[in-house]
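The chains carry the letters A, B and C, assigned in the order they are written, with residues numbered from 1 in each.
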């Protein structure tokens, strides 16, 4: 135990000492997690629950945690991308001594890391705590993931909107996370079920399994905003990001990890991994936004604001603001889309920077002319990506997929997002 | 306490006295609810569970409940649209005295309101009852909703089929109901989770959240008919109405509140708010019936009997009986649909009252003639709404959306609805 | 009780004696189940949970079980298709005596039937066991189903891949299984809920209902392979078969009983009853494979290997290997599909046995020729069923549904199926 920390000046001095050590490195992210350990392999982490997540912040607390580990003789390798350590009562006492000047202030939204330390102390003294149940995790570099704890820390950061979607490295997540059976939020090793199947079934104690996956669900870890609605917990994977006011209906919807919304959005369709939907847009019932994991060729899709993806439509290209894809229509990168010269002019008005060079200058063959008033062009879906004010339709009298300047203003029903 | 009620004549006399008071007004609906109160705000109702719902019925019980309140000095304002009062043991004892002549008969399906009173007495005497946990609610006018209790009472009335779909005023429901986290049917304030997140997570007591919404689910409150199947509770919102024999599959289906079925229906798609589906119809996998909350321009959609909405079809117009929309097809109000003269004649045979005046007399431009045997007309989807025997198809050799007289008889697999 | 069995030779001798009785018949399938009995009708089975299922195997154990029943005076009618009997401690003791030489070896994956017997003995001696809670079921003939126990036994056999999909007789399953409310895996009679609704609701003990159906869910009974993922338990019905590595997403997917996958498959759509999907295929978001219960005319659909059903596509015909249906496209038995002569030649190269006789020789009217280089044929969907290497597309400039030789190789993202 170091010298008692009595004042905030003492604390500042302590932090200065800790962080001035030559190999010291401030972490990109850190937090203390309660970890669910394997039933058969208690040294294996199955899930990490963080009461508080720190992302490029609270460097003082990070320094205290690092110092508390070093005080127990643990040598921290700051050259690693991520490290995870068990914590014990000595760690907790070291931290409480360091945080001493702030203990009284640590309530509500103030000093949450200190609140975590206090809560763990109480749990260690009054409850049952398994060996290795509480761990501290530091991420020093935004590199491919190796541990369950670091993977959860990054997924938390995304779901808590501490980092933007598609902004951090999630490679390795599938490898780091074990595939487990989930029962009421508790992960269970599949092998444990196999080994105990006969006894559990005979004793009527076979657990009720909600799902089997590597990832938990968003609502197991995240408290949504007051006006956010998720009508079925299975519909949002942990690692998704939902802006306040987003409503996720239970029909055919799904929001994968590293995907989500930037504002009030009605979600009745699929927002695949890496897809982002802008404010006031409506992903209609069964609509599908293709993702990078399976679907597009690695080109992540952003949908702008005030867009409408009609029921059962499929969107395989990025869209700007104010776009509409009609119900049942699939607009993919290779879809050929007809635009009349008149509509092209209108589309230009809201996309001044857009110069469809190849199209207008080179692809003469694609230019067709029916009569003097009816000049039109054929574009590929990928050539229209990211433009504003597009309305994709299929002409039901000849099957042509056409694109016009959108005239309808997309508006969400405000009552549904209060 | 009033004078003892010993005979059924005494009871009749009591009711006469109560209801003859000048301001007395018989309620449109009433019931006694067990109410889930806020964890942080115990004066706030989060959910109201009614063991019995009365809709334009059981006026004697209503009179007793009102009199029991007045007996405690509560002045009931009959000019209000809805009122809600806490009930206590005195209220219960007053009612039991009044119901005395019927107590012995109150079992099974007889005198259910009395059974509720008796059960609450037992619970108050032997269990733990929170202040305000039991409340009585009266609705005097079918007006916009104000309280959680009245909102639940109306949603119960719809889900119990005591009133028809789209028949009562549900305005204000979204404003009346708080958005909460639901755990095993128990509503939890989101702010409670936020305030206690650290402790709950550290102690491994963070609740398992099934969903976050203002509305509960149908199966939390309603017992379906013996031949009704709901394969996933998330798929039917409270306030939906399901006729006996309806099957709701877990794929892409959803039935919103104030929507549902009028007979045996196979539901594998979305029945949006305000949409109604007739007996023996089949809403195919992923099919979407647009609703008034988002989708149509406020024109609620009814689907007739023996209709088939093919897999992934979209229906944006009302349909009569015996209609088919082919798989993958979207029929919206503005969709242009081609009907040959020959098929038009056949459609007329099953829609004798239908005179497509505008179409036949005025829209000459829409009339096209290829040769003497191939006259056809172009209709908008909205012009065909509500007609019987339509079969919508897309001609896959030219992309035309056409409509013919339906020849297939839609039949459900009886085994699936036993 | 028969004579003590001390050696494996004694056991062999016992089996010889039992099985040589003239009416003795080895069962096709058998197992001992823990049965959930009706709350109101305890003589009624609601669910049968088998710790171990025997399908054309372990005939020695079967003989012991049959002999144990006969020892209690039960006369087994071997001419029946299926029989079910309660078992009691005498039955257990008889079996343990017979299995005596194997008791020490009965751990892990060895002698699982003996492990079941031992576990039941322990449960009978130390826990609470209801009358009729443990039953033994024998199926002698693959005939229409009559009992809950036999139905579960067959569904187990399919879900455990002890028999192939579509290989056994499941007729009668809907009639045999009662429709019940399921709460955390426990079946509850709907009538029980009705009779006790008032008390349960007043006491705040109304059960949380997950779903109402005749069938349970796959994950209530089956432990999937380590690399299989089912992201929502509601999405796979008991009686489905999932090959290792299959991933079932939560959006619009569903796998019905007697349907499933033969290898690593990404499932984001519906695999209806009787439909089978081959290895390395991708059922895209909201894609629908029609089933025999409602949809096709009884022609069960198999999808080959390395196929891709695009998002929101509909597949109504069997497909060979390496086929693609583009997003949003519906290919049904009656869909007319255009193939140019050039593409037809390429398709022939990978379908050497295919001779579209009727088409090429007789249907001259269907043969159209635009110019010398552009000969094409029109096929019905059903005429192309089962062929390899087809790519179905809709030409977005004229609405034609065309079929080409597929050029893209369908590959699943390996990370998603580790």
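Some points to look at:
FYI, a contact is a pair of C-beta atoms (placed from the backbone, for glycine too) under 8 Å apart; a residue touches a chain by one contact, two chains touch by 3 or more.
Just so we're clear, the structure is a prediction, and the values are computed from it rather than from any experiment.
When the CA atoms of chain B are superposed on chain C, the rotation angle comes to 120 degrees, reported as a multiple of 5. Because chain A and chain C share one sequence, their contact can be compared position by position; here under half of the interface residue numbers appear on both sides. Distance between chain A and chain C, defined via averaged C-alpha coordinates, is recorded as 35 Å.
Multi-chain contact residues of chain B (touching two or more other chains): 234, 251-252, 286, 312, 328-329, 394, 398-400.
Those residues of chain C lying in contact with chain A across their complex are 34, 49-52, 108, 112, 115-116, 119-120, 123, 127, 184-185, 219-220, 223-234, 249-252, 266, 268, 282, 284-286, 310-312, 326-329, 394-400, 412-413, 415-416, 418. Chain A contributes residues 174-175, 179, 181, 190-191, 193-195, 197-199, 201-204, 206, 208-214, 234-235, 237, 251-254, 270, 272, 286, 288, 290, 293-295, 312-314, 316, 328-330, 332, 335-338, 378, 394, 398-401 to its touches with chain C in the complex.
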